[in-house]
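What follows is a set of structures to go through.
Below are two complexes that have chain A in common, paired first with chain B and then with chain C.
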Partner chain A sequence: MTGRAYALQRLSALVLIPLALIHLGLTLYAFHDGLTAAEILSRTRGSMFWGLFYSLFILAIGLHGTIGLQTILRESLKLSRKAAGMAAGIAGLLLIIAGLYAVAAVLLP
Partner chain B sequence: MNPRPVSRPALYWAAMLPGGSGLALMLFLPAHFFVLSRAIDGEAALADTLSWTDHPIVRLAEAVLIFLFAVHIFGGLRVLALELLPWRDGQKTFAAAAIAGAILAAGLLIVTG
Partner chain C sequence: MANDKTLNVEVWRGAEDGRFESFEVPARDSQTVLDVVSHIQRHLDETLTYRFACRVGMCGSCAMTVNGRPRWTCRTHVSRVARNGRLTIAPLRNLPVIKDLACDMTPFFDKWQQARAVFDPSTTRDDPVAAITPDSPKRREASAAIECINCAVCYAACDSVTWNPDYLGPAALNRAWTLVNDQRDADQRARRAAIMSDAGCGNCHSHQSCTELCPNELNPTRSIAGLKRLAMKNLFGGEPS
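Moving on to the complex of A and B:
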């Protein structure tokens, strides 16, 4: 892992820890009375706060996952730096697109 | 993550935890996003997809997911603490395990509740 990737991986982890814990807490709360589509959408639809929260969460996951996957591909599958970076970059980008689409789906009225 | 050469197998596995659990979490996320994306077709479509969560296999998958999440947080916090904090190694492992244990307990409450 290069110095920059190493630093970005730690930085994204520090961003992800509080976001992931809030997400888990919210999930615990949402499951409390049974998980329903109406309950989820009543919270998320039109909510700028949750839109920004989950967009940031997904971007941080995309970055963290891309660097992590690149490292695994290089060190475990022995791919070249370029090939690992390309494959992980595509996977991370697809993950971010799918994630932001999901955020839009629960956010838009 | 490229672990330093270690003589104790437990430490080797501790060093491999963030990568393995992270990869599994990354593979799960598309399914998670797919379920939420169904809301684009309206509340009924999302409700229909969420009804799968009553199935025992999906419940089991949720429990595995929570476990992986706890493992990933444990492994990651341990690495961060090892690198950044001037504590003794045992204290760092213990602190990370305490947080991961709390997450695991909360997660299992979700799945079984």
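Moving on to the complex of A and C:
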């Protein structure tokens, strides 16, 4: 892994730590209070804050996961740098597309 | 350890596709693992191949894998590492085996060159000597990481090298860190490129096996952490100082 990839991996981890904790807290709060899907959607739809929050969350996951997966593929499966980069890049891209699609589903009216 | 006891020693024989061979060696007081290997070579099987020179922990040539861990054998007492009078002695991991306990150190030293872990002077002998105070922060960082004897124990201990044989490894990067902190050095740009390359500091998983097993009690993980901080500074456009 290059120094730049290492730094991006660490930076994305720093972004993910608070976002993941807030996300977990939010999930527990929603389930504990017995909010229905309709009640949750009424709070998220049209919310600029949650839109930015979860978009950043997804992008950080995509970046962190792509770099990490590339390293795992190279070190554990002995793939070449190029092959591991392509495989991890496709996986990361799919993750980001699916994630942003989910964000759009709970945000857009 | 009583003199009338016997050690059961398993020794690697052959090259990569070799096997372990058993020997019985008399146990002695204050006996080192190198003493055991030398006894086998001198009294039991003269064809045993191994490498040593100084016998006092300075030259770094006698490192072997002892009971699964890389050790400098001349300063490793049998009483500290033997389990029920048994020793298993193998060549160092992560390096090609030439024969028996002797490894080919070429990849290890090639990586020192690749990491630009060599001093490149910025002045000549005719220039005044650079004034570096012993308590300056950079001198302190460098001082903490010098005294490496190139034994390759850290390199053999490193799982990251096993997983990625291109990785420069703890010894070369530890030396590079001392030079990053050497204000007299003239080759910082090339060294920085090597350190931040695909084979560089980003490959370290911070397992700290190098630090745990370094016979000179150096801390290569800490040095590599310093290089990783430079990687973070680079990301934000800062020139590493």
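Just so it is clear, the second predicted complex is superposed on the first by the 108 of 109 C-alpha atoms of A that agree within 3 Å, B and C clash if a C-alpha of one lies under 4 Å from a C-alpha of the other, contacts with A are read in each partner's own complex, and residues count from 1 in each chain.
Basically, a residue touches a chain if its C-beta (ideal position, glycine included) is under 8 Å from a C-beta of that chain, and two chains touch if they have at least 3 such contacts.
What you see is a predicted model; the values in this text were computed from it and never measured.
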{"item": "First, second, both or neither for A:106, with chain B first and chain C second", "value": "first"}
{"item": "First (chain B), second (chain C), both or neither touched by A:2", "value": "second"}
{"item": "Winner by number of chain A residues touched, once chain B and chain C are compared", "value": "B"}
{"item": "First, second, both or neither for A:11, with chain B first and chain C second", "value": "second"}
{"item": "Touching partner for A:81 - first (chain B), second (chain C), both, neither", "value": "second"}
{"item": "First (chain B), second (chain C), both or neither touched by A:35", "value": "first"}
{"item": "Chain B/chain C common contact set on chain A", "value": "1, 10, 75-76"}
{"item": "Touching residues (chain side chain C, partner chain A) in the complex", "value": "160, 163-164, 195-198, 200-203, 227-228, 230-232, 234-235"}
{"item": "Touching residues on chain B, where the partner in the complex is chain A", "value": "1-2, 18-19, 22-23, 26, 29-30, 32-34, 36-40, 43-44, 46-47, 50, 53, 69, 73, 76-77, 80, 83, 103, 106-107, 109-110, 113"}
{"item": "Contact footprint of chain B on chain A as seen in their complex", "value": "1, 10, 13-14, 17, 20-21, 24-25, 27-28, 31-32, 35-38, 40-41, 61, 64-65, 68-69, 71-72, 75-76, 91, 95, 98-99, 101-106, 108"}
{"item": "Residue ranges of chain A in contact with chain C within the complex", "value": "1-8, 10-11, 74-76, 81"}
